[in-house]
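Naming follows writing order (A, B, C and D), and every chain is counted from residue 1.
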Amino acid sequence: MKRIYLFLAMAGMLQTGFGQSKDKDINIPDLDNYKTLKCDFHIHTVFSDGLVWPTVRVDEAYSEGLDAIALTEHIEYRPHKDDIKADHNRSYEIIKQYAKDRDVILIKGSEITRSMAPGHHNAIFITDSNPLDTTDFKDAFNAAKSQKAFIFWNHPGWDAQQPEKTLWWDEHTYLYENGCMHGIEVANGKYYFPEAQQWCLDKKLTMIGTSDIHQPIQTDIDFNKGEHRTMTLVFAKERNAESIREALENRRTAVFVGDKIIGEEMWLKDLFDNAVKIENIEKKDKSVRITIYNDSDLRFYLKKIKHDPGITYFRDYEIKPNCRHTINVKLDSGIISGKIDFEVSNMLAKPGKGLDYQFRF
Amino acid sequence: MKRIYLFLAMAGMLQTGFGQSKDKDINIPDLDNYKTLKCDFHIHTVFSDGLVWPTVRVDEAYSEGLDAIALTEHIEYRPHKDDIKADHNRSYEIIKQYAKDRDVILIKGSEITRSMAPGHHNAIFITDSNPLDTTDFKDAFNAAKSQKAFIFWNHPGWDAQQPEKTLWWDEHTYLYENGCMHGIEVANGKYYFPEAQQWCLDKKLTMIGTSDIHQPIQTDIDFNKGEHRTMTLVFAKERNAESIREALENRRTAVFVGDKIIGEEMWLKDLFDNAVKIENIEKKDKSVRITIYNDSDLRFYLKKIKHDPGITYFRDYEIKPNCRHTINVKLDSGIISGKIDFEVSNMLAKPGKGLDYQFRF
Amino acid sequence: MKRIYLFLAMAGMLQTGFGQSKDKDINIPDLDNYKTLKCDFHIHTVFSDGLVWPTVRVDEAYSEGLDAIALTEHIEYRPHKDDIKADHNRSYEIIKQYAKDRDVILIKGSEITRSMAPGHHNAIFITDSNPLDTTDFKDAFNAAKSQKAFIFWNHPGWDAQQPEKTLWWDEHTYLYENGCMHGIEVANGKYYFPEAQQWCLDKKLTMIGTSDIHQPIQTDIDFNKGEHRTMTLVFAKERNAESIREALENRRTAVFVGDKIIGEEMWLKDLFDNAVKIENIEKKDKSVRITIYNDSDLRFYLKKIKHDPGITYFRDYEIKPNCRHTINVKLDSGIISGKIDFEVSNMLAKPGKGLDYQFRF
Amino acid sequence: MKRIYLFLAMAGMLQTGFGQSKDKDINIPDLDNYKTLKCDFHIHTVFSDGLVWPTVRVDEAYSEGLDAIALTEHIEYRPHKDDIKADHNRSYEIIKQYAKDRDVILIKGSEITRSMAPGHHNAIFITDSNPLDTTDFKDAFNAAKSQKAFIFWNHPGWDAQQPEKTLWWDEHTYLYENGCMHGIEVANGKYYFPEAQQWCLDKKLTMIGTSDIHQPIQTDIDFNKGEHRTMTLVFAKERNAESIREALENRRTAVFVGDKIIGEEMWLKDLFDNAVKIENIEKKDKSVRITIYNDSDLRFYLKKIKHDPGITYFRDYEIKPNCRHTINVKLDSGIISGKIDFEVSNMLAKPGKGLDYQFRF
């Protein structure tokens, strides 16, 4: 009888309490017409080659203020299988309710894990992972497709599979042409793949960024230094799984990796518009002071581009998070209005090319 | 001509910009009927024995989200006087506009700096510091009093002046009885003086906490470790100097030093009420789960006190900042409502005694 | 064939590399005649109710510079057992070589997990965990004893099992008298149990401090704030498992929890002797300056105690890590040598009593 | 009499003590034949437009483990001059003994502060700053030259003076040809000027990096995030002022700014050699594992360059500080020795070009 009492105690009955906070949340503004959801669609647990129990992934997501996650265990690579006996759906099942209780949207997924080509691909929004366990890679993709999966190519520039350069193989053409590739990881962990960004622009594929986390998250990400996991910003109509799907299908995403935000120009512009607001413009004879406020946790690096030669201002400028900035502009005689032109060099609209923007006065 | 151009450049005309953020602000809730203002009334600059230019003190205050500060240069101790030639009002004058521009309330003060007794005292809300420069200490206090100063005794337990214990001297009785002592520093820097808290309670004096900062603030305070400067929380009707004065006169303060909050019981209770809210009470047979949310940057340590023996719950509990907590309570048969009693051990209503509090269900 | 290639790649063949550093190591000095080993003998993994894979515990230990660890899975409580199928020795087996490769001493252990009394106890230095899985608690302890286990009582003041106060039960007398209790956790996680310290002193039991970690370590310990896991400092003749055992049997330990070090007076004194050295004594007429250097990562809080009334010095003093300090002492006329007496208030020789120490000049 | 007692107390007699530690020191290895000295030759205090008292600059330098500093007050720009009455030598005089007591090498300097051209220049190793206060800029430089100053051009790309691009003006040719320019700031604060690096390479000028600090150092540099002030690494025969001068004259420097080290190739190579050591090479059939240890606080980013096509290894690799790394290399059949070629992309031997390096096996 004592022993039963013990187990109740363990299960929380007599545990005196517990707490949880969103202490690592990052404030990224919504767009004009869409909510900005912070999503990570590439995560591992002990059920494949990850190193934590599935619930830890929900706790981490909660603490970081993520809106949605997908556990994507490798189908073909399960190094702990001698000890962990479970089918491919199990880690999802374990946290289904746990995620719901913490209001973290959980999307079912799996990682099709093949040598190159075609390499590794995540299928998300699936309903059953087990049919993806096949001999031929094409069968695995077809099984995912038949479940209406959203499929993206993982870490296309991973040097273990692409040791010299980031190549597009025939197998990728096959997948693309057969409706089995809807997006590509433009960033995975700390790595950004410019070739993948260009492919997404050219082929109308969705840009994805993921942590691909295997370790406890704090082992890889030093939050105290202001680091964050690589994630996909999904610009969704509502905060739910269906809206995330709709946004992914319509390529309304950006990738947040390190201090860079990578995406299609229209979304980057919309995001900057909503992060940085002009608060005041103070005109004097031959000068103007523009006061802006960055009401976000994002940092922006500005770089002067081609501009009216009668208007003199910074060459480089850093807009800090949650910070009010005053920018001084010198005007040649006779100029009373105009604009300062710059590139937001850490918002990459194309490989090597920042977002063009201007402040008008 | 070039040289003139240079100086304009220096003065900000061509400086490309600058920014400032409240990145070290601490969220402390308002009370039911009063605004909670974060104030530091004991600060030095190079104009006495401090080590920074006066504007730095405003920048620091802004960054930490302080509502009000007073520069309190020593009248009698000015080690930099061979190089800095100025009267006792000068550091205040230098930052008067600078503080106003940043919406930091600036209160004029000076530190009467005598050996023990009576030791060091701050006179704030004065209008002219120069008349405080006298030979006899009584003349200095009378000069302050005649300007309607609010006067408090600084660091009553400073071991350089009270090497064995914290004593009340005849001179303090003189000051107290002649209307020249309205408060005492219950905390100065990292030091808390329990005797001073008891004197405030017994003699109806206002409890004050200050940084007494001489160094650049980050030299003494490690903000990255969650440290903060010692400050006075002033519970004021409005956010302005007059309301601060009114609150000080009516002893509506608490002292925030390290992880402790020290004050009269009614204000501590009001503060805890507004920081920690019960969100949900889930009753089951023989148990209850109380969900609370701490909507502040404060941390609270709870310690069980005398309570209904049929109700079993934590012995010690830590409520973390901005955190949702679930507290489990076990009930003896037949109990369906009641309360859990505890002391908030880091809210000191008296020396050695935390605030008594309960959650009812 | 491609698939085989893939698995080789996964196993590290084509992984481009990896690194590991002791970036969280804490420097604690050796004693005069013993090495100071940093040990944690209470750790969980997914093989009981912990949340990480066993290798993570070795990586954490390496990174923190620990000398020795024991995984101590619950025998009776295995909430992941529906998925993880393994005997009680398995988590140890998984990391045996992994720990050796990283020079982390691995000691085999298990947690006998019973309701109160006798509560939870760790048996370490065992050879086979499976025989500890018994119905009657006495059989479990005897199985451990027959393997020459070193056994200690865990978290004696855990409020889930001791809801009102920290009590010694008849079952503990039984264990103690039958050679089944050799130590007690004086600290577990962030909790210090003063009653347990007194029991250790009275009954000649070894003082133990452990993390009892279930989460990824960084979830509970904020290393960036200077926090560390609770650990046992073992004062051993050599850095190996046998010497650790010998030291435990001879009660040469101290417990490092938060900013406190708890232990028998002789070891605390030896540790302070080796951490803080007098570098210089500069005597002047009526004063002396003592320069000390703290060549450790430990912080010490000094508090003046009964002393020669002709010698005036600090009331409280903080010796910071890796810091040179100059202490000023004022002397009455005629005093040319003597000592300053103080208590190191965070080195607890008894509950509520710091280590008495002096600097002589 | 009491008042005299007070001042003694203030001056340290009764101050109970103080401490100082090198808690922000960075470990950078010595070269094969030279000591690596960490130096900052561009620093301001309240005596020009800086915001701290001169002693603060020594405390900061000590804490960061700097070997040498120069205070370089503006000659022509002294915004605090209404309050601070002193000649141009004064801030140096104030800290001469203070720096010596803390073993910080103090080099006398001043900043010649002119609009562009020639802009701002530091003259260090001077003996008297006052003669530099002249109307014509040439007279100022000649006054410095006649004192055998080492003179370098400050922030050549500062946008307040070079709003569109970093230009070399006729005045710079004049200074260069008349022996009044010996170096250029390749980095100032967070800014790196690639044009200046190229000029140094082409014209045999010394590369200098400085903080140009005006604020308290922690306001600009977040040490908790691993940031450091921009500094000049001087590769000197001895740790003294004369050796620093000799090294500067012979261009044995590198510039440490952010995560970059900028310098002439031979010094970068020597530095990398001494930071990163091969510890072990483990050859197997068709593969080799190279174990390296980075025994420094520096971080290095490696990028594969042209290499033997039969040797497959990382494309990008990060060597972390104080970290042991194992690098996996795959070999084509028949290869048993060779090398992996890479560029250390954050050690800039030329603008846009990292240091070429290889590990041989």
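As a convention for this text, a contact is a pair of C-beta atoms (placed from the backbone, for glycine too) under 8 Å apart; a residue touches a chain by one contact, two chains touch by 3 or more.
All values reported here derive from a predicted model rather than from experimental measurement.
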*Lowest number of touching-chain links that must be crossed from subunit A to subunit D*: 1
*asked:* Contact counts by the stated rule: is the higher one at B-D or A-B?
replied: B-D
_CA centroid of subunit A to CA centroid of subunit B, Å_ = 42
*Round to the nearest whole Å and give the separation of the Cα centres of subunit B and subunit C.*
37
*Would you please write down the residue numbers of subunit C that are in contact with two or more other chains?*
14-16, 159, 163, 224, 312-315, 330
*asked:* Under the stated contact criterion, what part of subunit C meets subunit A in this complex?
replied: 2-3, 5-7, 9-10, 14-16, 46-47, 49-53, 55-56, 59, 76-77, 79-80, 83-86, 90, 94, 113-115, 159-161, 163, 215-219, 222, 224
*Flag every residue of subunit D that touches subunit A in the complex, lowest number first.*
157, 159, 162-165, 191, 224-226, 312-316, 330
_Contacting residues of subunit C [partner subunit D, same complex]_ = 12-23, 224, 287, 312-315, 317, 319-328, 330
